[in-house]
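Note that the chains are named A, B, C, D, E and F in the order they appear, and that numbering of residues resets to 1 at the start of each chain.
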Amino acid sequence: MANFDGPGFAMVDGYWIQTKAIDVESSTDISPYLSRLLEDCVWNGNRAIVFDLYWDVTKSADAKSEWRLSSVKLSTKNLCLFLRLPNPFTDNLKDLYRFFASKFVTFVGVQIQEDLVLLKENHGIVIRSSLEIGKLAAKARGTPIVEFLGTRELAHKILWYDMSRLDSIQSKWDEAGGNDRLEAAAIEGWLIYSVYDQLQQ
Amino acid sequence: MANFDGPGFAMVDGYWIQTKAIDVESSTDISPYLSRLLEDCVWNGNRAIVFDLYWDVTKSADAKSEWRLSSVKLSTKNLCLFLRLPNPFTDNLKDLYRFFASKFVTFVGVQIQEDLVLLKENHGIVIRSSLEIGKLAAKARGTPIVEFLGTRELAHKILWYDMSRLDSIQSKWDEAGGNDRLEAAAIEGWLIYSVYDQLQQ
Amino acid sequence: MANFDGPGFAMVDGYWIQTKAIDVESSTDISPYLSRLLEDCVWNGNRAIVFDLYWDVTKSADAKSEWRLSSVKLSTKNLCLFLRLPNPFTDNLKDLYRFFASKFVTFVGVQIQEDLVLLKENHGIVIRSSLEIGKLAAKARGTPIVEFLGTRELAHKILWYDMSRLDSIQSKWDEAGGNDRLEAAAIEGWLIYSVYDQLQQ
Amino acid sequence: MANFDGPGFAMVDGYWIQTKAIDVESSTDISPYLSRLLEDCVWNGNRAIVFDLYWDVTKSADAKSEWRLSSVKLSTKNLCLFLRLPNPFTDNLKDLYRFFASKFVTFVGVQIQEDLVLLKENHGIVIRSSLEIGKLAAKARGTPIVEFLGTRELAHKILWYDMSRLDSIQSKWDEAGGNDRLEAAAIEGWLIYSVYDQLQQ
Amino acid sequence: MANFDGPGFAMVDGYWIQTKAIDVESSTDISPYLSRLLEDCVWNGNRAIVFDLYWDVTKSADAKSEWRLSSVKLSTKNLCLFLRLPNPFTDNLKDLYRFFASKFVTFVGVQIQEDLVLLKENHGIVIRSSLEIGKLAAKARGTPIVEFLGTRELAHKILWYDMSRLDSIQSKWDEAGGNDRLEAAAIEGWLIYSVYDQLQQ
Amino acid sequence: MANFDGPGFAMVDGYWIQTKAIDVESSTDISPYLSRLLEDCVWNGNRAIVFDLYWDVTKSADAKSEWRLSSVKLSTKNLCLFLRLPNPFTDNLKDLYRFFASKFVTFVGVQIQEDLVLLKENHGIVIRSSLEIGKLAAKARGTPIVEFLGTRELAHKILWYDMSRLDSIQSKWDEAGGNDRLEAAAIEGWLIYSVYDQLQQ
């Protein structure tokens, strides 16, 4: 069974997020972890999985810039999975392709428009059920500006939580260690999950 | 005549759905089953056929990801047909092409936008009369969020049925057997059919 | 002069539709029939011609699916013309190209969006003056759902006629003979014509 | 100076339209006639020129259908110019290209969407200042249906003139002689001009 | 320093526009004139530069029609610059490219949609800050028709000035001499500038 | 650590902006400066970074015009960074690519639509989180015109500050020295930052 045995982090309201970070290689089986996420969001989570994508740019032989997906963060109510992807993609990543194409869940994200285009154009990854949370928040609250905000600002406007821990890590991102970066990813996932939860009422 | 002699399942309100699962080969004649569905939805069903598509990803020779349609689920008020498609497509699938292009019925689905694009780009399948039920529900009920929900969440918001059987199967999808997966497909089809029915009033 | 000497059918309110079915070959002159339709819709019909397209799918040499137009139905207030087209198209079909491009009439149809794309992409046929009746009905009546309905459901919602004859033929479409199929086409044409007529008031 | 010495026709309210029909050859100078139209619409006409395009379809060597512009009708308040164009286009037609690209006038037409696309794709003709009169009428009058109507129906709905002369010619279009076809073109031009005039108030 | 030493013209309200017409050759330095315009519109003009484009059509070797930019008119509150461009473009026109891409000013025009496409497709010229004045006027005044009007009609509707001088020149455009054409360009620039000014209140 | 040791400028309300201009070469490490900006906008700035792009046009070998990014301005509440980019781009610019793709901040600009297209088409740079401030201002204030204005006019309409210093430099842009151009960039950045700040209330 998949153990989310990475660091755990307390959120500002005391809620505990359990994380797991994996450096995916050709022999890594990620499907048990994806199944754990699916299970958690079916029983505990409004069928929502918060996702974020991390891209890196490389110059190819013919001097044209190319974006490749370097990491993926997937969050549910209780869990946060962080996958560092190999370059180039190995066969076992088909599990991730199928997971992203699932209609059992809604993939919730912030400013995902360019991400969806890059996913399809550069890797042929298709997300069939996605939600741009800023657009929904703007419609639901009647505040046009939130459509354009990033996670921190959007969450601050909707939830009014104390953002100092996240600000602290992100303000010095280049110097942040692996654990701090994982904590920031977990906080962002939990924030967007909470915004989505709030907008349902 | 086409016998829907697969397992039958009781829905939460006691309604009985009769299923049929077919592994389609080059010699399989699927047209009698498509005709049964047409007959059922003409007499019993608001001319609506609920559909869902299951895709698989493979890597082609030149390392580019390709999506191919692996299964199709078609539901009417009383019936659920589950076709597992061959790879590559055989000639007899022309019946499915013609069926999807029919204007006698409306093909109702959830989050079908990417599906319609993939159908046309990868297989040249064209659905002329389709309805994205989330969009209709959002307009009809004035609740923007339902446009982005999957089957389970959308049905829960509109119908308030007990979803525990569906949650139970889908939470452990990888471990679910063929019968359970068929039951989940039948439940989803019946749920969307019921939502569509509800929105007509 | 063009004789519409095919079967005639009575509609539910007693109105009589005169039909003509033609298997078009290279030597067939269809222009007298198109002229009759034009004449009927100028004097008797709000300048509207209801149309429906029937497609067939074939696999070409390089295994890519191709849609070709196999039949066309054109209805006015009193007449219904059913053309079965040759494969490949012969020169005399230029009359049909010019007819479809006419601005003297409005070509009214149901769920015609994909049809117009397929017509242009696959055959270079251009319809300059077309009307998607579901979209108009939805706007005129303020009922969003009718935009997505097929002929039978749309007509039922707007006109409340008895649809049993049409349901009877279409529920067993594969077994229906040529005469019944012609009658169904005539009924559908007359229904849409009547909806269009209704929406003018 | 350009003489509009073709047939003159009386409209239903007694207004007189002077026409000129030209079979354009390589040596024909059409610019004096275009200048006359410009002059008439500057002094007498709200800077509007009503236009209509007549297309013919031919099959090219590689069996692909091609649309070529066969005739152009240009109407002002008092004049109607009918140009039958050569095939292929000769150099002197550059005057028509420049005329269509003029910003001194607004080219008003009915159902011109496909026409503008065909003009650009097939002939590289660009109209910079055009107006789809049905769209404007629908907005101005709040009647959605008029956006989809042809000249006769649109004019009838806005102006309530007697259309019997136009109906008479168009109902038997194939048998109509050159003079009658010219008269129909003149009537349509004057009708749309009058609708445009009416919508200004 | 750049002298606008061409003809000056009085507008209907007595306002004086100073013009300069230049036949641009490979050695012509147009940048002082562009700088003068920039200076005038920064101090005197709401940062608006009214522009109009004049195109010519030529047939290229492979018989495909090509549009090339033949002249450009740039107007500020007090000045009007008319550039006749060489064919083909020479290196010194880079100043015009950079000027058009400026974000210091807003380039205001009438019916500029096709112009912007032709500029980019045919010459790679990009205008980053442009305003279609008809669209703004329609929104600001609630009159849908003005979106489709040319300069003369739009200005007449908004300003109610006496247009007889402009009508006089444009009605006989082919016979108009260089000075009259320059005056018409100056009048049009000043009219649109005045409309833009009016819409700010 | 990155020192913003370039000229400092006082804004009209006395606020002090610290600048840094860098001529980027292959060995230049720009990441400390980007980190400083990130830090400033996290702690002091609503997570907004105001940006502006400066393009130059060159003619390539095959005589087709090409736009290349020549400079980038990035402003936060207190800082303004001005990067002059090498031609062609060197490897160290990957830091700028990654910075632009960040979702930690919102990149705020004026008239950025064409910029985003040129960035992607010509350099493969993708900005995932951007905001066109004119569009937001138009929606928030209900004044359609501001969507089309440049920085100076937009800021003047929203803030009513004294613009004479900016006008003074921009009116004579060609003659302005490096320091003045830097000051203008700093003023524009601070103006848009202030508008964004204002629109949040």
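As a working rule, a residue touches a chain if its C-beta (ideal position, glycine included) is under 8 Å from a C-beta of that chain, and two chains touch if they have at least 3 such contacts.
Here the structure is a predicted model, which means the values were calculated and not measured.
Ranked by separation of Cα centres from chain E, the top chain is B.
Chain centres were defined as the mean of their Cα atoms; on that basis the chain farthest from chain C turns out to be F.
The two sequence copies chain B and chain C touch through a face in which the numbers common to both fall below half of the numbers used overall. The centroid of the Cα atoms in chain D and the matching centroid in chain E are 29 Å apart.
If each chain is reduced to the centroid of its CA atoms, chain A and chain D end up 58 Å from each other.
Between the CA-based centres of chain A and chain E the separation comes to 50 Å, rounded to the whole angstrom. Residue positions of chain F with contacts to 2 or more other chains are absent.
Neighbouring chains touch in a ring; in the direction leading from chain A to chain F, they appear as A, F, E, D, C, B. Against chain A, the residues of chain B that register as touching in their complex are 52, 55-57, 59, 63-67, 110-111, 113-115, 118, 144-145, 148-153, 167, 170-174.
The residues of chain A lying in touch with chain B in their complex are 31, 35, 38-39, 42-43, 46-47, 88, 91, 94, 97-98, 101, 103-106, 123-131, 136, 139-140, 199-200.
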